[in-house]
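Have a look at this one before I ask anything.
Think of it as A, B, C and D in the order they're written, each chain with its own count starting at 1.
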Amino acid sequence: MNWLLDYVRPKLSVAKTEKDVPDNLWDKCPQCDAMVYGQELAKNLYVCPHCGYHLYLRPRKRLNMLFDNSEYTYLETPQVKEDPLNFRDTKDYRTKLKSAREKTKFDEAFVAAYGKMGGHGVVIGVMNFNFIGGSMGIAVGEGIVQAAQFAVKHHMPLILVTASGGARMQEGILSLMQMARTTLAIKLLKDQRLPYIAVLTNPTTGGVSASFAMLGDVTVAEPDALIAFAGARVIKETIKADLPAGFQKAEYLKKHGMVDMIVNRKELREKLICLLNLLGNTFVKGE
Amino acid sequence: MADKTIYLDFEEPIYKLESKIQELKSCCDDKLAKDFNKEIANLERKTKRLLEETYTKLTPWQKVCVARHANRPHSIDYIHALIDNFMPMAGDKLFGDDEAIVGGMGFFKGQSVMIIGHEKGHDLESRIRHGFGMAKPEGYRKAKRLMELANRFGLPIISLVDTAGAFPGIEGEERGQAEAIASCIMEGFTLNVPYIAVVIGEGGSGGAIAIASANRILMLEHSIYSVISPEGCASILWRDGAAVKKAATALHLTAQDLYKFGVIDEIITEPLGGAHRFRDETIERTGEVIWKHLAELKKMTPEELAKDRENKFLTMTRFELK
Amino acid sequence: MNWLLDYVRPKLSVAKTEKDVPDNLWDKCPQCDAMVYGQELAKNLYVCPHCGYHLYLRPRKRLNMLFDNSEYTYLETPQVKEDPLNFRDTKDYRTKLKSAREKTKFDEAFVAAYGKMGGHGVVIGVMNFNFIGGSMGIAVGEGIVQAAQFAVKHHMPLILVTASGGARMQEGILSLMQMARTTLAIKLLKDQRLPYIAVLTNPTTGGVSASFAMLGDVTVAEPDALIAFAGARVIKETIKADLPAGFQKAEYLKKHGMVDMIVNRKELREKLICLLNLLGNTFVKGE
Amino acid sequence: MADKTIYLDFEEPIYKLESKIQELKSCCDDKLAKDFNKEIANLERKTKRLLEETYTKLTPWQKVCVARHANRPHSIDYIHALIDNFMPMAGDKLFGDDEAIVGGMGFFKGQSVMIIGHEKGHDLESRIRHGFGMAKPEGYRKAKRLMELANRFGLPIISLVDTAGAFPGIEGEERGQAEAIASCIMEGFTLNVPYIAVVIGEGGSGGAIAIASANRILMLEHSIYSVISPEGCASILWRDGAAVKKAATALHLTAQDLYKFGVIDEIITEPLGGAHRFRDETIERTGEVIWKHLAELKKMTPEELAKDRENKFLTMTRFELK
């Protein structure tokens, strides 16, 4: 029952760490408009040193930041049917995929890795908002299912870092089904009493919020992150009135009972380790 | 119930023929009637052929219109016709009773079941009461509570999906629309009883799948099930509200598409002309198909039922790759 | 798993039915002020024939009304320590008990019986509002616990008809503990998957509402019944404002999600039988 | 934290002595000090004796006042002193976060635990934020959620009871105060982990027992636990608000009464003068007693723990009859 005791090192290829390309010279903070030197921003985990705004943190940087010594091993990206609907709007979906891959250097909007965190074996999955808005299609859903299955197989907790505009419309009903499939993924962990921690980052919306994102044993959010089911624009059009201040922000969700804690990115790794320590140091039956 | 016939635009030729028949039938007394009989029979044959032609090749957008047809039987109609001794149950035991989802226990062909469905309402007053079938968090939490109850007492669950989507509004967000939907999907996976979902009209996005993580997913022939409405898709991807027809086609939202994708288990054939024209027959057919699947599922043990659902969704969308 | 199939007739004394004393000549309806002839009111199950108001129905009448042919067997009244606190306010608690017993001809504010209902073996417990306001002390709590234990032992569903002003203050903390004990009683049924139906009648308040009354698998209420945790007077004093219309009435609770159905007393027996039929005709594993 | 000393009326003689000591200590410089030393020592002895006399025979009403003392350590103080790496958790995942109940995970002497408690706040601002320790339905539902979580991961649960009672108001009734309390009590019975409740101050009615259906129920020496406040009881039974002292006595609400009745398992001795005077020492002692019981409970299997709780409450109030 105690996943710490049962931890077995998975027999997979050794950890490979990757260096990020140096950041461009200057970045502008979207909140306070301050110009921040790229390397300073990187050192500061992409939190604005002037106003504390949490800028988007790319998956590789996120994994580097979370795993012990930035050491981890990627799980294989699942091979799924590409463009199953043969979808085209004003552009081919395949073209969109291709340019997203070129832009992000990732195959899809979700990537998972395993490694150690505070000494605990753990699987961490991260959504890539730069990949078609972090939208969830078959590949993302399958990635989450396989990450959960890997965690179950190796008796490790799972941490998922969300960032998504919602469903991958271009995969139609097949993307909707990922809401059920990712929920099932979490159930597989629950059945084994393995911890699942949801880390909600800006933005986490639509079908992603209404499935695995909201099912954490513990739900952590980054400050000011937008976390929503329905889009503010849609709601505004429906009610024809202004929305309350801070609507759908992390702090609003905490006030409304949906989020356990809001954690500054600089403290995130430490807090997550603490949660793993707590959930792992369990009372063992009849000890 | 349907008071007057509402015609969809592509049904205009049918409408014209039917008006003509009506006219002939009414403008003559009994004596003259037989003179018109041949004419009427002829027109009726024509109408039938036209219905057949139209309804065997509905476009995706036409299916959307049919699926949303105001006279299409709603959850309450199915419950009324198929369930004996229905005991409607209310409330989530947390906040409120959201009538956008109706539910309760009753006998389905002698088997006690829990039946849960979106209800859109049939006139302005009832549409408002049922929130136009767009459920708030308390609606999904009621559904979840009823599923839990059914599970405890071994009642099979039948869900009827018919919603444009979950309610989009401040109260919904405030009270955890996302959490409510996610938990309702999750509840489906924890059940040890047969769970059958039927898309009877509109299967709109997260609001629909909340009550459809089932062992069997069935769809009526002209119902739709989609990640987003064609309107929403058109406005986002085409940036043009008028692109709904293109969007409807691109989204692959018809029962026939979903069956091909392996997302659903069976298509329930509607009488030619659609469920809105042949309400009783449609409901009866639907009942027969549900019963067939229920009989199959009842052969499984509680553990097998949970495993069946798990396997269904684990393998779903894992297509063979060339 | 199916309590209908496993039903074994308990070996206890045979059913004894008791005739009620003839009702007094005229009663006044507390809602519409109409004068109703006592026998007419009795025939009408104490529902005002003019306005439909549900007057209080005494336990014996309630049991007669619910069981098949008004045939049932009382469960033995549990013997409990009387007046454990030696409580006296302006009057001795013992004196209060004595006069309540004389007035009601019952030992305590709760009585349970078993018998058949629509052919189902069932245990029905009824609270007696005329006995010190139906307040819950040790005897009531113990009565509910033993009714539940009897139901579990004989594999029967349990129906509890509530009517209570809350805790029996004169038994202090020992009355508060009955909230936990009656909740536990319901858990014993739940563990065996035996149905428990709560029938909430006017009034159901305080500690009774916040324990077994709110834990029904199905919750039925009589029309217009007051169902409340905090007293309206207390709330009014706290907020210093008027309360909304219909506040804490059965219809209000249904609107707020706490009650499954509001059932007119004349249909109550029929609906309860229907519920028992439904909950008993279950899907049997691998049948 | 306690900023200034607040004296209860029956503490007046103690207050006077302490003032005198303070005066002597402050009105003289170091040179003169030794002349006063004897006097001061004498007065301090006297004070101690007076404290002893007062605190060994507090009346029930005096205990009520002590239990409600503003400087008495609150849940947050216990958590702060006893729990390492406390991770506060928020929300019921349904409606809101009610800070009248605080809770979270942390290490208690190296054992990870879930700790949940009423929090009254210590100044006007924090009292308002914590709703004066009177929880709304969302508070109890948060407690229930945290219990479920603890149960899933095998974390023992410690609850700290300190409330005048559940929040009495429209919102509470609207959102199911009764259901929330009942479900929270029920949750306690379903747990397979050690569950220890400690009444640290005021154990007020249903709002208290909601988080006290535990394996072990402990009470601080001068805490109270009652079905109704003495004020409420006086006004209902005596129809006289001034009868609070009589009511306090009649209700048998002291730790000593409850121990005699077998309702609680142990009384945690407070330093002479009460927890509000010796905050750290009280908290430390409380921690030791909790730890002792936790060690005992940890010897049981999950099934035994549930059974232990069941037996405790089944036999409770079943007194021997003569």
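Basically, a contact is a pair of C-beta atoms (placed from the backbone, for glycine too) under 8 Å apart; a residue touches a chain by one contact, two chains touch by 3 or more.
Nothing here was measured: the structure is a model prediction, and the numbers come from that model.
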item	value
Contact-richer chain pair (by C-beta pairs counted) among A-B and A-D	A-B
Centre distance in Å when chain A and chain B are each reduced to the mean of their C-alpha atoms	34
Whole-Å separation of chain centres (CA-atom averages), chain B against chain C	41
Centre-of-Cα separation between chain D and chain B, whole angstrom	54
Multi-chain contact residues (two or more partners), chain B	93-95, 175-176, 179
Multi-partner residues of chain C (at least 2 other chains)	214, 256-258
Touching chain combinations (by label order)	A-B, A-D, B-C, B-D, C-D
Contact set on chain A toward chain B in their complex	79-81, 84-85, 87-90, 138, 141-142, 145, 167, 169-181, 183-184, 186-187, 206-207, 209-215, 227-231, 234-235, 238-239, 243-244, 247-248, 256-258
Parts of chain D lying in touch with chain C, wherever the complex brings them together	166, 168-170, 172-179, 181-183, 185-186, 188-190, 205-206, 208-210, 212-213, 225-228, 233, 236-239, 243, 246-247, 250-253, 257-258, 261, 263, 310, 313-314, 316-319, 321
Touching residues on chain B, where the partner in the complex is chain D	93-95, 137, 141, 175-176, 179
Chain A partner contacts - residues on chain D that touch it in the complex	85, 87-97, 105-107, 110-112, 138, 142, 149, 152-156, 193-194, 298-302, 304
Complex interface listing, chain C residues touching chain B	1-2, 190, 193, 195, 214, 217-218, 254-261, 271, 274-275, 277-287
